[in-house]
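Just so it is clear, A, B, C, D, E and F label the chains in written order, and each chain counts residues from 1 on its own.
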Amino acid sequence: MDKDMQEVLKKAEVLVEALPYIQKLNKKVIVVKYGGSAMSNPDLQRSVITDVTLLKLVGFKPIIVHGGGKAISNWVSKVGKEAEFVNGLRVTDEETMEIAEMVLGRVNKQLVSMVQELGVNSIGISGKDSGLLHVTKKYSDGKDIGFVGEVDKVDPKILFDMMDRDYIPIVAPIGFDDNFDTYNINADDAACAIAKAVGADKLAFLTDIEGVYRDIKDPTTFISNLTCSEADALIAGGNIGGGMLPKLTNCTNAIREGVKRVHILDGRIPHCLLLEIFTNKGVGTMFMPDHDNVELGA
Amino acid sequence: MDKDMQEVLKKAEVLVEALPYIQKLNKKVIVVKYGGSAMSNPDLQRSVITDVTLLKLVGFKPIIVHGGGKAISNWVSKVGKEAEFVNGLRVTDEETMEIAEMVLGRVNKQLVSMVQELGVNSIGISGKDSGLLHVTKKYSDGKDIGFVGEVDKVDPKILFDMMDRDYIPIVAPIGFDDNFDTYNINADDAACAIAKAVGADKLAFLTDIEGVYRDIKDPTTFISNLTCSEADALIAGGNIGGGMLPKLTNCTNAIREGVKRVHILDGRIPHCLLLEIFTNKGVGTMFMPDHDNVELGA
Amino acid sequence: MDKDMQEVLKKAEVLVEALPYIQKLNKKVIVVKYGGSAMSNPDLQRSVITDVTLLKLVGFKPIIVHGGGKAISNWVSKVGKEAEFVNGLRVTDEETMEIAEMVLGRVNKQLVSMVQELGVNSIGISGKDSGLLHVTKKYSDGKDIGFVGEVDKVDPKILFDMMDRDYIPIVAPIGFDDNFDTYNINADDAACAIAKAVGADKLAFLTDIEGVYRDIKDPTTFISNLTCSEADALIAGGNIGGGMLPKLTNCTNAIREGVKRVHILDGRIPHCLLLEIFTNKGVGTMFMPDHDNVELGA
Amino acid sequence: MDKDMQEVLKKAEVLVEALPYIQKLNKKVIVVKYGGSAMSNPDLQRSVITDVTLLKLVGFKPIIVHGGGKAISNWVSKVGKEAEFVNGLRVTDEETMEIAEMVLGRVNKQLVSMVQELGVNSIGISGKDSGLLHVTKKYSDGKDIGFVGEVDKVDPKILFDMMDRDYIPIVAPIGFDDNFDTYNINADDAACAIAKAVGADKLAFLTDIEGVYRDIKDPTTFISNLTCSEADALIAGGNIGGGMLPKLTNCTNAIREGVKRVHILDGRIPHCLLLEIFTNKGVGTMFMPDHDNVELGA
Amino acid sequence: MDKDMQEVLKKAEVLVEALPYIQKLNKKVIVVKYGGSAMSNPDLQRSVITDVTLLKLVGFKPIIVHGGGKAISNWVSKVGKEAEFVNGLRVTDEETMEIAEMVLGRVNKQLVSMVQELGVNSIGISGKDSGLLHVTKKYSDGKDIGFVGEVDKVDPKILFDMMDRDYIPIVAPIGFDDNFDTYNINADDAACAIAKAVGADKLAFLTDIEGVYRDIKDPTTFISNLTCSEADALIAGGNIGGGMLPKLTNCTNAIREGVKRVHILDGRIPHCLLLEIFTNKGVGTMFMPDHDNVELGA
Amino acid sequence: MDKDMQEVLKKAEVLVEALPYIQKLNKKVIVVKYGGSAMSNPDLQRSVITDVTLLKLVGFKPIIVHGGGKAISNWVSKVGKEAEFVNGLRVTDEETMEIAEMVLGRVNKQLVSMVQELGVNSIGISGKDSGLLHVTKKYSDGKDIGFVGEVDKVDPKILFDMMDRDYIPIVAPIGFDDNFDTYNINADDAACAIAKAVGADKLAFLTDIEGVYRDIKDPTTFISNLTCSEADALIAGGNIGGGMLPKLTNCTNAIREGVKRVHILDGRIPHCLLLEIFTNKGVGTMFMPDHDNVELGA
């Protein structure tokens, strides 16, 4: 057998290796929170969208929830406003909300087009479509920070309808309150709320970190899997830094409300989704229920 | 019978009067091009959305196609750009296209929220979602006017899927070309292309005029119904002013490609849609095929 | 705006006013007991049938249960028999039963034709079709009154099948016993039994009275809404006259077995059904469960 | 093997003998015109209903079309009217029509009850239900004979809907005209029109004759099978007596419009339907297309 | 009426007599264990297959489970092996298992062809198809007897799928263990396991005996019906011979796990299945639950 | 990035590379003729079954048609018969046919078990099940060669039913004639007949050769793609050796009757199916229609 053929045969082996994973997750729902570097770098962008499309084609049902990243700030400054944050939350006056909705809407359709370009149908929606994300106004330590909302009710009908008809839903984190006013929602929170509402099998956060470390300063303490209780202990131990805390809480919350596996993935690695799902080489930290054994990639 | 009751009885009569119209248009598809004053005036806005929602509830399948109106120009000037037009078409450079997509996206979700508020489910999409509106670049007398597209292929699958599941689709007139670049589309043209692609029974343009006059200067020459041939003759006669010409052409094209009835309605009249459909008092001009008799409001 | 147009606009307002009611009762089942003046007066007849047809067209699922009124007595006397009543119940010997079944059968098909004439499909059945209404023989104070039956088992399959396929079922109050003998059933009782068996959202009795009065002699004591407990109290108070008593018991029974709202309507008012359902002007007395708030007309 | 067992074994053989016939007619539609002696004799009545029910249970889809027989005349005379006939057609003034509809309605429900008693669901309808039988007024040699109609349009939707849901439809030969007035229809004609409209595989007339004879006076000339052309020749030969003529014309018409087999059966023989369908011993005359071979009982 | 006709009429009566049984077992699942003389005698073979096919045609859902009978032994000796039995169980080394699977596979397809020949569709499968019969290795008094398996898990999906699409499933008693090795299963046990897994209404064993006797030496003690408790008592009484014991245990087990009726039939009587189901003359012993009354043949 | 990760990333790239092929063949039917070395070598066996299972999991609908290979000859000699061939066709007397059916039946279930072991449902059938493969007796130059059949009618219902319910059908090449006698069928012919009957998108022959050469003696003349006309020319040119001729004829026949692509693959290369479908490195010769452009692997 010539060398060329050996090369090709290796490829076949990779596909065969993927077989049990494909089998396992067939028709399973995966919510992907898409943001950070994976969003700003065009190569990574394409790699994420390719991964999600492939997942769809081999039988999964993916939902993308995306943020708006720096584009919102860019547009805010473009109209001469100063971006203002309180405890990491963007103070969102009416004009800022208008800009945020516009920018997120455009990002949303850009992602739709990228999926379409790969030959798969997708629909871009916000949490206002079909009443998907209902919110209540959020205060930061009692301070009014404007149109920032906290999801308190999800109506997932639209997502099921779209997945039934084989679309990939792409969701912008915008919600509405009882007065049908528009609110900004933290994208991590939106992804988490949606994953719980649809009973997702998997929720994956594409982040700019490698995952969770027992001791952030010691690279040898990287954690590949941890249960809810272990995560609680970690938090209680005080080793989890500020920015990481809400992420971890989201992860354990999601698991506790029925999501089977939650992943913090390093979105800076190309194809991190495929790697996580189709190989034994995990590329981040996986959260799971206390009473459940670690199975192949699931 | 007291006077109060008489009042109420009159109301019942109105409902009863609507019965044959309801029967007639049951499960029929109606495309509503929404723009002009009906869009800028909040009261008219609410009246249009109410009408469309009512149509949905009594059995029709409405689709809304909207424009962006003045909001685009406002935002263009907000960022210090000069709006530029050639032959009535907005010259659309990359930045303008970005703004247009953002503004239309926001308008789109506002309309969605208004429908949701009335208790009916809707989804807001653009022509990029699920590959709805494919375009080719349009030139104005050979002049490059940027990202202005002409619809050359409609994939209505997403509209049927949404109507099947009882959503009101609301469409922003944005399209994509072979390179998946984003293009602005004239909203009238988009509505027309969609009406033809879904085989609509009715296409209604909400405009800022009363309808078509045989002689624009003579109010007694108002035309309530006209066939394609009559419209052709009118155009040939040279009596149709510049702004009116493309509208009429759109109307006759739509009829010729299978839309059963096309209406130019006066969007400045509250509930003009209901009036047109449920009463004998037409409120605009209706176009119909040459060989087809004028039936009750259909 | 000219006066003509103002008139038309008022009509649109009426339709818009109906919107929340249409929304509310969509796909809900309404059983209408049809009898009394509304049956003998041709104008009222047409008004009732029109109302029911309109309800069907805007999304409800109506079932009509009718009586035979005076036609039975007419035919009984036509063949030289004396009509005989015991405690308000017709003594029904074999020949009378034969006549009753024949007359009710014809009335049934007349109503079917009236609905058909309005362009909606209906099927006329009796309680013998597909085993709808099974009865046991009824005695009046121990006295044998012939073929008068009491419904003791309803098999609603035929009604669901017909409503699924978009027919309006019209039911004659005839039943069968274990020997498959034919029995007359009081139409109020039949309507009540059917409403309970199909889990109706609404049961409306078209009667020749205005509704329930706290004191029948004092017109100011008219009752628009009352709960089951209130009705019980009223009965216990001894203020309810003889003819009214069984009607009230039927109403409270129906509510207690799951029908959401029961109405005693004044069938002498044209379009009393539409008025009750689509306007705030109630036209009779509405019964509701004890623990349930009064909502808009529902 | 004892004699008792031999007896039982013979029974099994009969069932086995029926197997190819059951197979052949599975899910086929059979229209049975039910009238004559088979209707007035209670034993024959039960035998016909049993046969039809058995056919349903082993997989056929039967439809019964019945006449009213002598009951109509009885009731006409009961109210002191003289029955009047022109060319064998009952002169049907308004009162006679009323009586006919009432009597047929009652017969209809009696048949329904007999089927129900055997444990199978049926629905009794007339040609007015769901617009089944539309007629035009019929004249006899130019003479007005009242409400006697000729079927000119059949809407079989209701029959298909009922057969889909496993009911046996039982049809009274009553129709309606453009004014929704009620008309009497000859039951043979009604059966024939229905058989054609539903594309029946078989149409069986239960009659009071043995079948067709080449020479009515010579019992050896009985005809078991004949093609349309042969029937035409027979008619042309002038050997077919007056009462027989319309029957034969109905038979050949039905075949020519697509009914596969038409049978004139002797309804005075118990279980003539079963005998015709399940054994080689035909019990009447079978009509078939010219180009089609005689198959087992089909 | 001539004698010929009387003969034919008797046939009709037999069909009519079958009506209540057909009605009763409509869409019911019947598992038939097919073996013994009924399998080796070609006439009986045809009679059994005819019966099952007829049952299918009149509305039942039969499943056949067959043995391999003497054919396995024949082939074992053909290749020069000695058949070896321990406690009535065939010692099954690898080569014997191979032969058994081959022989059963061929018998399976022969039965399929016989059903096809009668015009009904069937599929022949073994317990390995779609994972139908999972086994664990069976030991006989601790002795290794090779590839003899005991069913411990049934996945009936394939049977439901086939019955849904109107096939008669024919099952060879072959299973697989955790290593996907092939095992022989006793056909009675396989039939019993399948009947329980599909919730069969009836399980019929075609045997070479007449049924159960209270005292095997006294023909007058034949038992037509017995409850589980009565069977237990019989076993406890020590009157049941060796070969009979596992059969009886299978019967009572099946009843206890939900099969409604279990029959031991005399497969040497032609059409014993039809006789049992369609006549009052039972041809074997029927087992039933303790608290259930003996109904007509069910 | 460490070396380990680079390795893993390469794997992701392979999956991504497969994406357009997966997309292209989604829900397409692939008939795989399985025989030769790929059948006798256990490793290759596992590789073929793995490939087919993977194809199923990523969305294709595969059907396997297998031969019996040497196992039949082994068993023929085991019972002391001499295998006899005429023109390459096995002379098949009754005993040989019996052995062939038994052996093929067992091979069939072995393949089923291998698929089941990989977690996918499959059903093993022969051409006798549900009347799949009807044959006429085949003669070799007029010589009677026993039960060798030529497929003349395929009833693919069973295949569609099984694929609908997500089973992989595995077919043994056994057929039946008008007398329901059993016949051996050449497996290539059976695969070809099935591919045509189900309208397969692809038919792949796993063989023991590399593919087609323009000049069998010159390795540089290997042909990767060829159209029907080119194949005809090749045959006409006399360059195709004896054993190859019927294979080529099968290929061009299949293409001419609607199969989109036919492949002669080298079954000795592990995963040749995956390689052919998911990579640009073809591993055999592909036949295609004359008027159709060569697309990616399709």
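Going forward, contacts are C-beta pairs under 8 Å (C-beta built on N, C-alpha and C of every residue); 3 or more make two chains touch, one makes a residue touch a chain.
Small disclaimer: the values here were computed from a predicted structure and weren't measured.
**Student:** To get from chain B to chain D along touching chains, fewest steps?
**Tutor:** The distance in steps between these two chains is 2.
**Student:** On the document's contact criterion, could you list the chains that touch chain C and likewise touch chain D?
**Tutor:** In this structure, no chain contacts chain D and also chain C.
**Student:** Comparing centres built from CA atoms, which chain ends up most distant from chain D?
**Tutor:** Between chain D and every other chain, the largest centroid distance is to A.
**Student:** Can you work out the whole-Å distance between the CA centroids of chain B and chain F?
**Tutor:** That pair's centroid distance is 56 Å.
**Student:** Roughly how far is chain D from chain E, going centre to centre by Cα mean, in whole Å?
**Tutor:** Whole-Å distance between the two chain centres: 44.
**Student:** Name the residues of chain F that each touch 2 or more other chains.
**Tutor:** none
**Student:** Which of line, ring, star, complete and other names the graph you get from chains that touch?
**Tutor:** Drawn as a graph, the chains make one closed cycle, so a ring.
**Student:** For the complex, which residues does chain F have touching chain A?
**Tutor:** 1, 4-5, 8-20, 22-23, 26, 50-51, 53-54, 57-59, 118-120, 269-271, 274-275, 278-279, 281
**Student:** Report the residues of chain E in contact with chain F in the complex, numbered from low to high.
**Tutor:** Against chain F, chain E makes touches at 78-79, 98, 101-103, 105-106, 108-109, 112-114, 116-117, 121-126, 128-131, 157-158, 161, 165, 167, 174, 176, 180, 182.
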